[in-house]
Structure formats: structure tokens, C-alpha cells
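Several structures are given next for inspection.
One chain, chain A, links the two complexes that follow: it is found with chain B in the first and with chain C in the second.
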Partner chain A sequence: MRDLKAVGKKFVHVMYPKKSSALLRDWDLWGPLVLCVSLALMLQGGSADSKDDGGPQFAEVFVIIWFGAVVITLNSKLLGGTISFFQSLCVLGYCVLPLTVAMLVCRLVLLAGSGTVSFVVRLVVVIAMFGWSTLASTAFLADSQPPNRKALVVYPIFLFYFVISWMILTFTPQ
Partner chain B sequence: MLRQDSNDDTEDVSLFDADDEVSRRSKKSKIRHPVASFFHLFFRVSAIVVYLLCELLTSSFIACMVTIILLLSCDFWAVKNVTGRLMVGLRWWNQVDDDGRSHWVFEARKVSAQGNKASSEAESRIFWLGLITCPMIWVIFAFSALFSFKVKWLAVVVMGVVLQGANLYGYIRCKVGSRKNLTSMATNYLGKQFLRQTVAKDDQTAS
Partner chain C sequence: MCGAPGSGRSTLPCRRPAWQPRGSAARAPVCSASLPHRLSPSSHRALPLSSATLNMAAAAARARAISRELGRGLHVRRCGRGSLSHPGPPGPACPRSRQHRERRGAARATMAAPGAAAPGGGRSGAAEWGGFEDNMQGGGSAVIDMENMDDTSGSSFEDMGEMHQRMKEEEEEAEGEAGAAEEEDGEFLGMKGLRGQLGRQVADQMWQVGKRQASKAFSLYANIDILRPYFDVEPVQVRTRLLESMIPVKMINFPQKIAGELYGPLMLVFTLVAILLHGMKTSDTIIREGTLMGTAIGTCFGYWLGVSSFIYFLAYLCNAQITMVQMLSLLGYGLFGHCITLFVTYNIHFHSLFYIFWLGVGGLSTLRMVAVLVSRTVGHTQRLILCGTLAALHMLFLLYLHFAYHKVVEGILDTLEGPNMPPFQRVARDIPVVSNAILNTTAKAVALTL
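Let's turn to the complex of A and B:
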């Protein structure tokens, strides 16, 4: 259960992003897998038993997250970053945690109603979590770049989490 | 105390373990870690079975996909951390140095001086059989999904290929690492098989 404890420690690190190297040193991809699956499950609209049950959307979310993370990693490596491939994937995956929390909150808010008030609440929550995700991952990833390249590395990460936040915000249940 | 002549495994005969020879020979074909062997095959085979039968079992694509993903991840973890170590004494991992560089480490357990090989042949056969055939089956699925345009299954199949292929690659490198050359190891193996067959034929014709 050493693996479970490592995963739990990394989740805590994401929520309180201090400049420690625990996330970077012992990377693992279990946390990102769990987050990806739960986010994709929560982004499903209709009932779970119909033939047309949003199947492609599940695979879409999966592909967007993993393919997006791979592209960002390649980008940072091409810019001369010192972080390794899997470490970068690990950080990007774990920093999806705030957005998953935002999705949970959005679903709960949508249970209450779907008017303007709920939209404003969801907007605020999603923007806050998006900011948190971007800051957390930037804190870990931007350090591996020379200072004049930091913006070039931060911009794709910003876009990546923006797309995920957009998917979360525009989610409306059937 | 009769010392028995064992024709097949004469490498590690010790003068003082006459009684143990019989038990050692039978141990080579016995499975030492039945639970590990079972789980090694169980996750892989059930992932393939679920993939094949998902249309029949349930009409929900998501339930199938999540089940297959869960089975594949459990299988990856089990094979990498547990069954490889127990069944064939190999392990591999990624090591990140203090200065941030990462490299992969492949290790094989050395045979102890007593000749007490901790891995039995049956287990080794089960391990390598499971390890080699399942990624090949997933590659076949990948091609079939591509050519029949069932693109939504491609994500699952690609995951299967990647995870099981990674384990296969890691363990092959562990095995080969001590001999440093895949082709020389292959010719070695083929040569040994050929020799064994000719010796067996000689025995048959002689007796």
C-alpha cells in the first residue's frame, strides 16, 4: 500500500502547492488515471443504459486529457526543459484535481437548479479552480525552464486547463 | 542413503542433499506461488474476455470501457510489482537521480550458490506465456478496430497495447540485460532447443 500512500501524498501536494520535489521525484500515473476516469464519468449527460449514452464523449475526454498532456510535455521538452517525460505527465495529471472538484460542485449545483444564479456560481467556482490548477502546475513545471522561456511553457498549460474548464462549464445534464 | 542419478538436471547436484533431489525435482514442476500465478493470468484474460463480450453483456459502452481500463491497470500493477518478482525474479523501475535525470533500471535475481533456484519451470512458463501472448492479442484488436472503423474502441485498445507492451518490454530487457544482446540470446535458445531434440532422439534410438 506504499503506492496508495504515495498517490495520497501527491493529492495533498496539489491542493497545497509548496515547492517540494516529492511530486517530481517519484512520479506515478495512477492519480491522473483515477482523475481522468472520474472526470469523464461525471461529464456524462444522459442515463447509463441507453445505446446512445454519450459513449464517444467519454473517450473524447480521455483522449483530450492524455493527448493534451503529451503535447504539452513534448513542447516543454522541445523548449529545452530538464524535466523528464513521465514526470511532466504526472504533474499535469495530478493538477487536474481542482477541476475535478469543480465538476463535482457544478453537478451538485445543477441538481438544485439551472438558472442564472446557478450559472454564476458555477462560473465563479470553475474560474477559481482553473486558476488553482494552472498555478499549481506552473509552480512545478516552469522551474525547469530558463527564465525567458517561462511564458512559452505556461501558455499551453493555460490552454489545456482552459479547454477542460470549458467542458465543465458548458456541461448541461439532459 | 542411495544417491540417485538425475539425468536431466545435473547442474546443481550436491553430495549431501541426496534426499532432497527427489523433492527438488518435483518442486521444479510445482507452482510455488499459486495466488500470484492465478492473478497474473486472471486480469489479462478477463480484460480480453470483457472486450470481446462487451456487446453481449451490456449495452453501455462506458461500463465496458471503465471495466477494461480498471482490469488493465490492475494487471499492469500486479505484473510489474508482484508477479514478476515472485515468479521469475525480475524487476524494473524508473529511477530519478538527485539532479533530476531519470533512467530505467532492470534487475534480475541472481541464482544463489546452493543452486536452490527459487523459480520453478512451470511458473516461468506460465509467466512468459501470459506476458507474450496478451499484448499480441491486443495488437490484433488494434488492427481490427482500425480497419473496421470502430474508432471509439481505439482508445481502450491503445491503452491495452501500451500497458501490456510496456510490461513485456521491461521484462524482456530484464532478462536480456545479463547477456546484453537479444539476437545472441535468441540463437542461444534455439541452439539449446535443437540440441535437446537431437539428444532426445538419440536416447530414443539407443533404448
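Let's turn to the complex of A and C:
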């Protein structure tokens, strides 16, 4: 129960990113795991041959998210950051929440139809959530960097969430 | 335990008791309490050097501590007394008691003096385990800071270390008393197994050896401090280098300076991967997504690392003055031209535009790389071999990326617009016949424009 409350509090922190250190201090990887698994499950079944698609796509999303988070963490540590490995993983994982919400919205919109209007709606939603994710993670991570190097740390985060947003936007169900 | 009465360790002022639960808020600035002037974030450039000297000082202090302990142990065994940790005088029966006391006093004094002078080294000389902890946190050298883990049970390294130390001291106290009893129990040792004295000692030793090996392997392989100097850049520098990578240098008789930096090239490779993904999606390459991502990452990283190594090998054969990191950096920045070209041509699908970009942008970045290599090589044949290979590989890679991944859009345009499509937009699907197609399309483009 205590863990669930901690996870829930962190979700709230991500949705309203203030510069609090609660996310950083008590890191946990439950939230990122749940978000990663749900995103990977929702991104399944999005290509032409639906014979054995479930496998590679789930694994692919998983690997991208975790490998990308590890690379960004190593990069921020090498640039002289004071944040620890798991804290950074925690923040990056939790900030995938807006994109998971975007995926949900996209799926619902695609249920209604897949014309140009739905594409525009999805594009707007995904761009908004991508911006939110990047801003949220920057609010937590950029403080641990020397002030003149924030851009160097923000760029890989931007790329990471861009790739995830791209996967969400180009998802077409069968 | 540090400084606690009857502990028997040298009574150096400890910064903190070793079992205090470590909240990461207190520890987030790495070792700022102990080494303020050396490990502040602004002077991180001195980090590798200072952590190296710290390590040496820690190792020296530890060696001194170990030899002192050994000396005391020898004396204890001769005296037949139990405890190394016994603080009081060994007793009138021991002839060397005075020497022992003097030696211990001297040891304490000598340890206090360097302790005052070099707090980091002194603290690590307090105990073997203390030194190990400092080594881990000394330069922020470990990737995973164990002390930041919120652990509630006694399962972390430090708690095990504490337990081990306590057990060791208990053992040494009980050694003397149990010395006689052990002979009686000798025949029962097999029955007692791990719970017996011998079993505990063996387990202790195994734990010690295992921990030492693990920490050695960890600090060897997971030490990202090796890469830290290559990421020491400012955003302005990165921007300057990106722009410079498109400008060929004129002075080729003087070795040009190459910055051995890995941040820019790494980010460019990832950007290239993202652009390739974008291109594959817009061209609706609807294979399974897993292979798309995998091939994109594999292609880009494979090119960067593989071609760098190959050209480095050729440079070694041709006596060029270039190191591996410099080669990686050079080729990485050369991918900037590729990124621009592909970004533009994946969004605007005109083949003539691609060829203009291929020759112009790709050519400029290749020229720059070639000029830098020429300036560092002596001899005409060597220059020719090296630069010819690099130019060919670089330009062909851009061609390959465009044709291998940019397939289906023209096909869709074909079906949509029917037979009235202007011929120069037709694309060759198969790579083996690409040369014919290039000739055809360029000829037609030239004919159309004339």
C-alpha cells in the first residue's frame, strides 16, 4: 500500500512538474515498468502481417525505452551530472506517462475512424504530450547539471521521446 | 564502530558511522563533504587525476593499515591472547606488551597526522572497508552508486561488510577461549559443518575473496570515468564543430587539429537513426517494426564504428598520425552532412534534389574529412589510398541510405498518378541495377532541363 501510494504520488508529480525532489529522492522502477509494459502492449498489432507480430514489437518497445534511458543516463553522468543512475532511470521512465496517455487517446480516436481528421487530432495530441514529457523530464534532470550544459543533456531526451512519439503516431491498427 | 569505545580500530575521527542509512539527498553531491576543493562540479575536469591520486593514497594507507594489523596479529599469536581488538594492556604475562602499546600509540599518532593533513586519505586508512567505500565514491567512478539504494534489510554491500567486521572481531575475541574447546570438538567438525568455527571462517574468506573480485571487476569494466574526458564539451563548441565539419580546410601541409570528442558524434549517430526511422515510416515500409528499428540502429552504429576502425587500420598501414578517438570523432562529425541530406530528401521527394544534395553536402563533408587526413599523412600513395577509401565509403553510404530505405513512395506516386508521371521521378527498386537507373535518370533529368 505504501509503495502504491508512492507510485501514485510520482505520477501526480509528472503530470504537474514542479521542482520537487520527491521523485529524485525515493526512486523506484515500478512506475516505469508498468508504463513500459502498457505502452508496449498497446503498440502491438500495428503492422501488415499479423502472423507473429506480437513478439518483436513488444520486445522492441521495451528495448528502445530501457536502452534509450540507459544511454541518456550515461550521457548525463558523463557530462558531469550529480544524479545517480537509478534516479535518472526513474525520472525518464515516469515521464513516459504523458506519451502513454497519448497512445490511449490515439487508440480511441482510431476506433472512431482513420481519416485525415483523425490524423490531425492524433498529431496534435502526440505533439502536445511529447512536449509535456520532454518538459517534465527536463524539469527534473536539468537541475542536476552544470548550468551551461543543459542543452547537451536535453537534446538526447528530446530524441528519445521523439522516437517514442513517432512510434505512437504512426501506429495503425489492423 | 569508528571511535566507539572498545572497538579496537584506530580511533580516527570518522566522518560518519558506517551503518548510517544513506538517503540520497544527503549524498547527491559526490563526496563534497570530504573533498570540497577537488571534487566540486566546476572542477570536474581534474576528476580523473584526483581520483587516481586518491586511489593511490587510499591504497597506500590501506597497505599500512594491513601491515600494522598483521604485526599486531603476530604479536597476539605469540602472546596467546585472543583479541586484536582488545583495547587494554595485554597483561603482565606478555613480555612484549610494552612494545605493543608503544607501537599502537605510534601507529595512532602516525595515522592521526596524515589524517589531519589529507582527510580523504586518512579516512580511507581508518579501516579496510572504509577505504573501499571511499574508493567507490571517490570520483563518482561507479556507474551504480550502491549507497543510493534504499535498502531496509541488511543485504547491501556495506551492511554485509559491517556484519563481516563484527563477526571477525567476535571470532578473534573468542579464539583464545575457544582454542581449548576446539580440540574437543575436533571430531564433531564434520557434523557442525558451516555452523562451526571453521565453517564460519571459510565462509568469511570466501565472502571476502568474492567481494574483492567483484569490486575489482566492477571498477574495471563499469568505470565510466574513462570516457569522461571525451564528453567534456560546451554547447558552443559542439555547434562550432558541426558547422566546421562542412568547411574543407585549405592548409593541408600542416597537420590539422582534430578534437577528440565523442558527444557530438554519438548524438549525430542517434539523430541519423531517428531520421532513418522517420524515412522508413513515411515511405510506409510496413515490415515488422522490430526489424526497422534494429536495422536502423545496426546500420548507423555499424557504419560509424566499423568504418572508423577500418580507416584507422588503413591509417596505421599508411603511417597517418591519427588516433582511434580522433577517427571516431572525425567520421562522426562527417555524418552531419548525411543527416541534413536525408532529412531534406525524405520530406521532399525529388531525385534530382537528392543528387544535388549528395554531391554538394555529402561532397563538402567528405572533402573536409579528406583534407584533414591528407594533412596528417605523408607520401602520395598513402594519401591516395587512405583518402580514396574514405571518400568512396562515405559517399556510397549516403547513396545506400537513400536507395535502400527510400523505396515505396515513388511506387505509391506511380499508382496514384498513373502513366503520366514525369519519368525523372521513377525510382529504381533494386539495388543491383541502381547504376543503370542512375544513368537513366540523370540522362533524362539533363534532357528535360535542356
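By definition in this document, the second predicted complex is superposed on the first by the 167 of 174 C-alpha atoms of A that agree within 3 Å, B and C clash if a C-alpha of one lies under 4 Å from a C-alpha of the other, contacts with A are read in each partner's own complex, and residues count from 1 in each chain.
Throughout what follows, a contact is a pair of C-beta atoms (placed from the backbone, for glycine too) under 8 Å apart; a residue touches a chain by one contact, two chains touch by 3 or more.
Just so we're clear, the structure is a prediction, and the values are computed from it rather than from any experiment.
K.L.:
Can A:25 be said to touch chain B (first), chain C (second), both, or neither?
P.N.:
both
K.L.:
So in the superposed three-chain picture, is A:11 touching just chain B, just chain C, both, or none of them (first/second/both/neither)?
P.N.:
In the superposition, A:11 contacts neither chain B nor chain C.
K.L.:
Between chain B (first) and chain C (second), which does A:84 come into contact with in this model arrangement: first, second, both, or neither?
P.N.:
both
K.L.:
For A:62 in the superposed arrangement: first (chain B), second (chain C), both or neither?
P.N.:
In the superposed model, A:62 contacts chain B only, not chain C.
K.L.:
Based on the superposed arrangement, let me know which partner A:149 touches: chain B (first), chain C (second), both, or neither?
P.N.:
second
K.L.:
Between chain B and chain C, which one contacts more residues of chain A in the superposed model?
P.N.:
More residues of chain A are touched by C.
K.L.:
Going by the contact rule set out at the top, does A:37 touch chain B (first), chain C (second), both, or neither?
P.N.:
In the superposition, A:37 touches chain B alone.
K.L.:
Which residues of chain A are in contact with chain B in one complex and with chain C in the other?
P.N.:
Of chain A, residues 24-27, 48-49, 53, 55-56, 59, 82-84, 86-87, 144 contact chain B in one complex and chain C in the other.
K.L.:
Which residues of chain A touch chain C in their complex?
P.N.:
21, 24-27, 46-49, 53, 55-57, 59-60, 64, 71, 74-75, 77-80, 82-87, 144, 146, 148-149, 151-152, 155-156, 159, 162-163, 166-167, 170
K.L.:
Flag every residue of chain B that touches chain A in the complex, lowest number first.
P.N.:
59-63, 65-66, 69, 73, 77, 81, 94, 96, 100-102, 152, 155-156
K.L.:
So in the complex, which bits of chain A are touching chain B?
P.N.:
3, 24-27, 30, 33, 37, 41, 44, 48-51, 53-56, 58-59, 62-63, 82-84, 86-87, 144
K.L.:
So in the complex, the part of chain C that touches chain A is made up of which residues?
P.N.:
Going through chain C, the ones touching chain A are 23-25, 28-30, 41-42, 44, 140, 143-145, 148-150, 224, 227-228, 230-235, 238, 263, 266-267, 270-271, 274, 277-278, 281, 286-291, 293-294.
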